[in-house]
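The structure appears right after this line, and notes come after that.
Chains: A, B, C and D, in written order; residue numbering restarts at 1 for each.
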Amino acid sequence: MTETAAIELKGISKAFGPVQANKDISIKVMPGTIHGIIGENGAGKSTLMSILYGFYKADRGEIWINGKKTEIPDSQAAIAAGIGMVFQHFKLVQNFSVLENVILGAEDGALLRPSLNKARGVLKHLAEEYELQVDPEALIEDLSVGHQQRVEILKALYREADILILDEPTGVLTPAEADHLFRILNGLREEGKTIILITHKLREIMEITDTVSVMRRGEMTATVKTAETNPEQLAELMVGRKVLLQVDKVPAKPAEPVLEVSNLRHIDEDGVERLKGIDLTVRAGEIVGIAGVSGNGQSELMHVLGGYGHATGSIKMNGQELDLTGKHSDGRSRRDRGIGHVPEDRHHEGLILNFSAWENSVFGYHHGPETGSGMLMDIKAMKQEAQAKMDRFDVRPPHPWLAAKNFSGGNQQKIVLAREIERNPDLLLIGQPTRGVDIGAIEFIHQQIVQLRDAGKAILLVSVELDEIMSLSDRIAVMFDGQIMGERLPSETDQTELGLLMAGVTNPKELAHG
Amino acid sequence: MDLAVIIQVLDSSIRLSTPLLLACLAGLFSERAGIFDIGLEGKMLISAFASAAFAFTTGNVWIGLMAGIGASLALSAIHGLASITFRGNQLISGVALNFLASGLTVLIAQNWFKQGGRTPTIPEEQRFQDITLPFADALRDVPVFGPIYSDLISGHSALAYIAFLMVPLTWWVLFRTRFGLRLRAVGEAPDAVDTAGVSVIGLRFAAVGTCGVLCGIAGAYLATSLQAGFVKEMTAGRGYIALAALIFAKWRPWYALMACLLFGFLQAVALRFQNIRLGDFVIPVQLMEALPYILTVVILAGFVGKAIPPRAGGEPYVKER
Amino acid sequence: DPALIYDLGGKFDKSFNEAAFGGAEKWAAETGGSYKDIEIQSEAQREQALRRFAEAGFNPVVTTGFAIAGAIDAVAADYPDTKFVTIDGWVDPAKHPNVLSILFSEHEGSYLVGMMAGMASKSGTVGFVGGMDIPLIRKFACGYAQGVMAANADAKVISNMTGTTPAAWNDPVKGSELARAQIGQGADVIFAAAGGTGLGVLETAAKEDILSIGVDSNQNHLFPGEVLTSMLKRVDVAVFDSMTQGADLETGVKVFGTAQDGVGYALDDNNAALVSDEMKAAVDAAREQIIAGELKVHDYSSDDSCPVLQF
Amino acid sequence: MDKMPAWADAVLVPLISVFLAAAISALVILSIGENPLNAFSIMVEGALSSSRGIGYTLYYATNFIFTGLAVAVAFHARMFNIGGEGQAMIGGLGVALVCLFIPWPHWSLALLGATVIAALFGAAWAYIPAFLQAKRGSHIVITTIMFNFIAFSLLNYVLVNMLKPQGSSDPATARFPEATHLPTFQSMFSTADNVMFRNAPANVTFFIALLACVAVYLLIWRTRLGYELRSFGQSETAAVYAGISPVKITIVAMLISGGLAGLMALNTTMGEAERLVLNATEGAGFIGIAVALMGRSHPVGILLAALLFGFLYQGGTELAFWTSIPTQLIIVIQALVILFTGALDNMVRMPLEKIFLNIRKGDA
């Protein structure tokens, strides 16, 4: 083939101080294709893309765009070269409108009004062409994550990007939103745009990409045609060993109820009722998965159970009522009652990013025996304990003194998990356990959860990944608009039925008939 | 209380509010761009000195104003260097610059004029004159409106009118221009600005520079319009009050106007109504003196909700993954 | 050589400390001698400065401001050969034979300018602007009010303090506003005893075409023809005398009252046109009466109260 | 994994920064026609070369340790307490009341009582801003600024109208009784034939300040409360997840902060002046901000920064004694030191990091 590559990287290297994030990486992406990049947490994917987008400067190497050697010293140059990027953590101004975010940096002239008017027209056009509907006047902070992502794509298209980079775009999306995104990407490919897609999900790679590259420890280990490979092979290339892609577990043996929730209601700060009478039971020795499109009250349910959010109704733990509004409705009291909690948002809830790993490993349990019994905390014991936990959970690097922010997402998650599981709770609340985590780590995390269940503990799992819910849960409850729409056994349901329940349809058959 | 007294108090409020307003808007530009500035006091002070010194020596108050702005800008430049270029701590930089201004003004003034850290008195005609608005005299006898127009609205110096015009102008710049959009964005999410291909550093320096210009005007107003020269420490904590007004105003121009007028009004009232007698008991002057501050706390506690600063405020911008 | 320690306000406060500086300069110029001086920056430095100068052999050590009296009280006994002078402060002469306390009868001087204010006022309302609210300033205010009443029994005295922090000495902007507020209430003569803040009062009075009265030093020249007079407190004379006497300084307690010309009113070319003969005659008569002991001006600090003014 | 060895960051960077500040100061001194070397040697001699100079340096440092720690504790909980000045002032009021109106049998008991009251008064003055921040969201920066002004007015009223001895024109209380006078360094360290720290104001409060450093260290890094405080400062949502009450932590942190600021009054009011004067705090509350920031909110750093400022204060006084350099120059030097060590430190750090990285690459 003699066609010129849309993007060609030659010998890119980049070090952050002593860390070599990219080592001599070369890659070629043809125009009008979707190119996937996979790799473990910290493999260097985001760094490579940031270099392409001019966000970082490479130490060495060349960038060729459409057959021309191009210097990309800053994002402006990247934009000029027709590159657009959707970062993993969106680069949006939260209290600006969609329009303002779109025109930011691409205004026509010193006054805003003409730019805004023009953008309004262009957005309307783009929305129709690529299914990218968003309310142009809405504030970003009022939009769902999926819509925020659309704004990011719109930003790139508004700047007439021909090359679009997406870094882990589906990590925070619901399945429906992810499907929608892929439709958009397909549309863009048909228009001749070139797309680079970073993801941890092999299913997505197989579904949409044309070619795929695998990265490991800063190096590009392989580039293959998607059609000529399979998930198992990719997983092995990525992790360097065979990976079990299916959760391996024996049937559950549910015993007596540990958690009994009845008629639980919660009204948030804005006065909106988020939980509208939840009834739910979780027994010892079973995993109950809660499926649902995010924003339907799952987070609030976990918050109320975990002790931050007042509620009415009743929660019984091992037969005893929990305080829902008073002094004992905080996280500390919940932990005292045997409830462990791996929160959805590890960056803002589960960890203090600037604390060391050993400090994080007692977070929430700092009044417990882990910290010693004296007036002062027993730091030596805490460090030893943390080291032991990190070894058992294979946290890499196994250094308790390292700050949490210096661990990759997967390893951060393991630190939280180790803390909560090693406490041996009667009930473990666990939210989005594998968000943004690479498949090697996912396998490990799933194993831990199943082991805990087999030890006779109750587990309540919330995840937007239907695959994860389906494969881990012993029983599935579907939430919609603050209510449980129904419970199903994984063996007796499928993604379609769950999808309908998640959309608020209680009786799928009814829908089929009328 | 008759109209004349009310007008006197309001008139006084306007004069006391003007420097606060200029400094507050100055802080608004800086902090909206994510650079906290507790050095407003120092910038005002150094400008008060420079404007008085140059107005006196050149005999031209406009040159004085320019010198004041220039001196204030010099401090802004240091603040920018420390907090933008070298990603230093913005609070420390502000504290340091306040000290620097406090020391330097007296040191230089003493060196130049040998009058003990003061500038000589600037003759009346070399200062900013009070401007009598058209028809002010003719309309004075019209009931109610007349005194309001000719005694309250008319009769302030050019700088005071500039200060009040700065409010709509600031609003317009912030919310209706490209510069304003980018400036607000860089205070909320500098990474968004950076990835949109706009220089974070350039924008922030522009904001800090604007802050310097406005503080410069504020200082010149004190020394060459309200007063006839520079006296050491003559800003007397107004920079801190302006900062409080800024937070009070939740970083919005029109609210800033309200907050500064309120502070000015409270001070004017406290000055005008000392030694109030309630029967046998005389309200101590100390209570009147503290009243503006007490009322501020009360208002803050009772009516003003949480003030959320610009999200990226106070933090230097470091590219993040 | 003598040494001079200024109070916290600093050497060039345009009134009190500056007068001391003037006295010292005059002494140096006339005698060709030299002296050492320092501006106090913090409380702890008072004692430090006294000791430093005493140990270095300076004699006498002259100090301004009442606040240093406590430090002298603590230090004086350690340096029996050094003479200390406290201007405005009071140190027990029985306890410390090597200390001279110089006290001014500010109330008397204020009384005199108060009389002039009372006579010059057409509206019958006069003002007083003090700096920080401290007893010394109340002493000024009280004497002033008595003088005003003596000239015009129906007169009204508006008395305001600028504030309660040291910033009150250096806030001419507030001084201006206070002056305006008093003008608004009818005042047409205002006495400012407020350090740098007073400059704002004088400035505004000049601008609004009413009369003002300066303090401590002769401030008539600041706004010629607009300042009615200045209440003189001859700190310069006190310093000059002390330095002239040198190490042989006579110690004890010295009152610089009207009789000693320690306080008075200023008359020069700048205000000659403002002071009528009648006014001058009346004030001079009162002055004689005070000297003769026929007229007693109440001193606020004697009992912390003022018969004609409430604080 | 760091770019630079820890010792370089902790020692080399501040050292070079101080040097830069000194260099610029030298230029300023030159420009007003004085000899900088001479000035510098006067400062060092006056502040460090005699036990008396050291006594003064330590006296000032004591103030800055307290106010620095006060700011730092609040900082750890992500609050900016600008109110140290007012809290110290009210702390002083407490000290005065205790010393004047309770007949103490011995200084040690008086010190104990005064310590408790100073801390309580300071804490009480911090309580209202803390409460308003916690419950009403009123910004602590404004409220503490306001409370500084209010404290001044209150103290002025109390001194002028209530506590001032009759007939005195000084707005200050009477001298405290003999039994409350604290031992000075002179009385503690002098021997019969060798007088140390002659007449220097440094007193036993300095050791309380050192104890406070240790206590704050333990509090912040070793106790559960400190752990909660830091957690809250890092992330409020995470703190709530962990069962830490934001209201409680906000208030407790400010109470401790105010208490520490209040303790400063022990040194000035009980230790030095032995009476309460109007201006006892002398801006130490504000210097405390600089000290805390320069010391990176760590007690060891604060101690060092406080000593540096103590040196500048005392050295500056000596400069004023023996040269005709105006005292304002000292303020300028202080400003430069704060600027270079506190705000422009990266100007030094960045090139140093490069150098170290290159050295390592050379090694590798």
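Rule of thumb we're sticking to: a contact is a pair of C-beta atoms (placed from the backbone, for glycine too) under 8 Å apart; a residue touches a chain by one contact, two chains touch by 3 or more.
Just so it is clear, the model here is predicted, and its values are computed rather than measured.
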item	value
Chain whose average C-alpha position is farthest from subunit C's own	A
Chain pair, most C-beta pairs within the contact cut-off	B-D
Between subunit C and subunit B, distance of the C-alpha-averaged centres to the nearest whole Å	34
Distance from the mean Cα position of subunit D to that of subunit B, given in whole angstrom	29
Chain centre separation (subunit A, subunit C; CA means) in Å	75
Rounded Å distance between subunit A and subunit B, as computed from the means of their C-alpha atoms	46
Multi-chain contact sites of subunit B, meaning residues that touch two or more partners	110, 117, 237, 284, 286, 289-290
Numbers and ranges of subunit C residues touching at least 2 other chains	133, 164
Junction residues of subunit D - those touching two or more other chains	149, 152-153, 156-157, 160, 326, 330
Chain-to-chain touches, reported pairwise for every pair that qualifies	A-B, A-D, B-C, B-D, C-D
Touch list for subunit D against partner subunit C, complex	56, 59-60, 149, 152-153, 155-157, 160, 164, 166-172, 175, 199, 201, 268, 272-273, 275, 277-280, 282, 313, 316-317, 320-321, 326-327, 330
Subunit B to subunit D touching residues, read off their complex	78, 81-83, 86-93, 95-100, 102-104, 106-107, 110-111, 117, 237, 240-241, 243-244, 247-248, 284, 286-287, 289-290, 293-294, 296-297, 300-302, 304-307
Residues on subunit B engaged by subunit C in the complex (per definition of touch)	4-5, 8-9, 11-12, 15-16, 19, 110, 115-118, 121, 124, 222, 226-229, 231-234, 236-237, 267-268, 271-272, 274-275, 277, 282, 284-286, 289-290
Residues of subunit B touching subunit A in the complex	175-182, 184-185, 188-189, 191-198, 311, 319-321
List of subunit C residues in touch with subunit B within their complex	10-14, 18, 133, 159-161, 163-164, 167, 170-174, 176-178, 180-181, 184, 196, 199-200, 203, 207, 222-223, 310-311
